[in-house]
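One structure is given here, and the rest of the page talks about it.
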């Protein structure tokens, strides 16, 4: 009885201490913005603040801009404490020394993540899985008599001229388009010359950077097909829009969104506590339900198995992930500036 | 044939009448002045002739042709503006040549005509200058040359001397008159300066509230004004309220409305016949008045003030009737002193009657 | 006649052209989807559902815009007076320097400034990146040319005898400067300040790089970053709100002071 | 300049605050960026330590980069020309009208500036789309029988930029035209000038100094605009600013990005100096 009381008192004082100490702590979190930030706050941030008393401030922007800021600041005074990135920018940020390795004792959820989500070097893990494929307006395709796309190369169908959208090179998805096209033509990440020749012959309506804008163009009927991601496509399908999201026979692409602690933060421990929250099954499920990106916490596998309608919208298991082609991030980063140059000269016109 | 004819021309601005049913005719080669205070409609009338304003009613004819709806650039009028309105980006000769260029006249003919026009205003040597390098008087002469070089059917001048000083104004008046005579060009001139109107014009139209009050040659306008307004606007006038007593061959006999014992003779019968008992105003000019007259009309008065003007002394008086008056005495004549009681007089032929109603 | 008709057609076209996107914003703010025009149904719900971050962003924009307009007006007026009245070496270079930020893409300024904040930190341990001060400083740099231009233009018709009269009546030179010179220049200064505010209120690149947390995220940045993930009519509603407020402000200015002087195009 | 000598103030001192602010917020940052352009690229986000002109040589010898510069200037000229043609009649109308709606119309002209460029462009995207309002209106009016590609290309950038800068042009021109004495125009008409001749021979030459000013401001803003080309060009149109952004934000090649920024800046400044000289000589 005495021991129990002591433990309770200790727990109370610990809670009070963290709460009192946390009054001054505010974590600045660089996130993607819009609905994604909203759901991260709703299912992660607010829970975290209630539990710890630490305030969260969201700084919205593209991962590319976050990376640019990180690199420009070079660790003098970190522009934010936590950053949401994509796998490829994460590698570049890590290479530049802008990210901290995580402490598995603080980020206890790391132990429950799929191996594909773990970072081999100990940086931030993938907090969700997503995929890239082809989205198309099934109704218009049927009306126009355009065959359902089976390959990346089916976007070159003459009837689709000026009726489909490609991601801009500023979008991470563009690298998937390049690699997918290369693979369909027998190449790969390190052999993309034929892909660029082929891409140069394509006649897209435009190159998108904003998913919202692309959505609107699907709705308006300006765009009939696009290389897009699963989450946003299913968002439209769930609204009843006659969209279909398919993986080409060459394989859809598996993608990772990462979360990291920024070098130079004044609150590394609190930042890791926050990451732990983001990796929490509850937060991940809430997120997956809001925008259908796949949770990386394997504890959720039985839950997802019970909801096949939800699970079909994203790579929900290692098996599902294994069916997807995951491009070699190192090759992507090594070739990125060359690809941008070729894109500028050949594709963009 | 008349050069310019206005037939019942009116112009309204937001339901306010600026020009009210004006009719007038300008003869070929005539110099006609529209005279009046600001806001009387004279400039509006001129601008309607130029075509910058479309009349709300009535018609305008130039050389017998109805030009009421003809755009300004096809009216063949030459206009001189108060602000000179020279093209600041063109030299003097290019300013003068502008109208010729618009008419497709180029080459040697244009050069000859420009030279001729500049000679007319004595500015040949300044042909290469820009307007900003000229004095105000020179600029206005360029404007005059620019207006006449196209040999317009009518020359229109809108207070052209308004922004010049007195001496320059007088010099330019002479020059304008000379140019106008030399070219025999029909001219409508707008001014609020009665001296300018009288000295330049063949006829003067005095305007008031959008209407023509009187249209007469300058001497007649001055000696026989048709209304108290004209009498006061054109020169200085002393006015006495009177009543017609009788009507004789030589003119009317009138008595003072304030003091019926005082009677005056008016040696003119112009205008409408006036019946006995009719009230009107007796007018006479300060310069037609003398002190201590032997005969004619007389009136006693007290001297209030005397001002010296070089050629004349102007004496301000209060008459026995209570009116305040002004008379001019030759500077050489013996002058009364302030407070003196004097008798003033004027000849019946030097006075006139105007209606009281305005 | 053809000419007049063509003129009128162009005038009507220009006004329609200028106002079309505004009408779009206002109409869709009552609509059912952000990017559909005309909307299929109308409601007021989005006005009630403007998310807090947009409102916070609007506040930040107003603070930054107001401070930028004030600082730019003060230092810009000084520069304009130096340029128009000064007689010193390097006058032309100063005039050029004051207009230079206009010629550099604001994105370039944004990146240069952001990189420079690092150098500033290395040298002096001063942190301006991610602070309101840094943001206002950046906006002031791109707003100064507008103020300098407007004040110089307003100064062109300045009558020096006004100042001579004031000195003659016994005013000190500073008194004259404050009670004669500046009031006469006010229309130019105010129109410059209005432009400075608009420049700040409109800017994305500098606010994107110099901003950091919530307290330094302006409304345009908030919108720019949020549309990637969601585009609901609430974006339109908050934009429409800005239109209404500026409309009300302009009407107020027109009723009290007359609008024309603010554009520096008032008749003499 | 001695006109204001009565007030014995050292005017030059009033420039000190502006110099301080501009040096800190603009001059020194740009200078350090210019310095970056003179070093080699040493990997993402790294500027090397070898002093070199290789970035400039790369830019000057590659037709692709020079082509971007040419396209940028083409955009500037097209936008400036359209702004002039569309803005002039409106400015003339606003400068000469006595309508009591003038204040309101003036407000309508600047109203677009009150809406953030992001929102304005968002507004344009669906309006100009293949199935958008404008294409619908054009087809309803029988002006075209198939949708025109109005956005996601050069034309879209021209439309958006023209929309953004037309208010500037109109304000500038209105100010200039207002300073022309209306009687000068009347004199021209009176001397037989048709409206066209009046415009070409009198009004236009007299508004030249202001027109050059308006040209410069619209041109320089156009060639340095970023948001509109990025949003309305469908990422198909590359101009200097979007290219610089790409180099700095995505490729993280600070040295080459800085080089392109310096080139753009230098050409813009050179043009401004030339135009200013020209207009000073003209007046």
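The letters A, B, C and D name the chains in turn, as written, and every chain counts its residues from 1.
The criterion applied here is as follows: contacts are C-beta pairs under 8 Å (C-beta built on N, C-alpha and C of every residue); 3 or more make two chains touch, one makes a residue touch a chain.
Here the structure is a predicted model, which is why all the values come from computation and not from measurement.
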| item | value |
| --- | --- |
| Co-neighbours of chain D and chain A - touch as defined | C |
| Centre-of-Cα separation between chain B and chain A, whole angstrom | 90 |
| Interchain centroid distance [CA atoms averaged], chain B/chain C, Å | 56 |
| Centre-of-Cα separation between chain C and chain A, whole angstrom | 36 |
| Two or more partner chains touched - positions in chain A | 65, 72, 74, 209, 213, 216, 220 |
| Chain C, residues touching no fewer than two other chains | 34-36, 111, 115, 227, 231 |
| Chain B residues counted as touching two or more neighbouring chains | none |
| Chain-chain contacts as defined at top | A-C, A-D, B-D, C-D |
| Chain B-touching residues of chain D, taken from the complex the two chains share | 181, 183-184, 186-195, 197-198, 201-202, 205-206 |
| Residue numbers on chain A that touch chain C, as the complex places them | 26, 28, 32-38, 57-62, 65, 69, 72-74, 76-77, 79-80, 209-213, 215-216, 219-220, 291 |
| Chain A-touching residues of chain C, taken from the complex the two chains share | 33-36, 51, 53, 111, 114-115, 118, 121-122, 127, 129-130, 208-209, 211-214, 217, 221-222, 225-231 |
| Touch list for chain C against partner chain D, complex | 3-4, 7, 10-11, 13-15, 17-22, 24-25, 34-38, 71, 74-76, 78-79, 81-88, 94, 96-109, 111-113, 115-116, 119, 137-138, 140-141, 144, 148-149, 153, 158, 160, 163-164, 167, 173, 176-177, 181, 198, 201-202, 204-205, 219-220, 223-224, 227, 231, 235-236, 239, 242-243, 246-247, 250, 254, 258-260, 263-265, 267-268 |
| Touching residues on chain A, where the partner in the complex is chain D | 64-65, 67-68, 71-72, 74, 92, 95-96, 162, 168-170, 205-209, 213, 216-217, 220-222, 336-337, 340, 344-345, 348-349 |
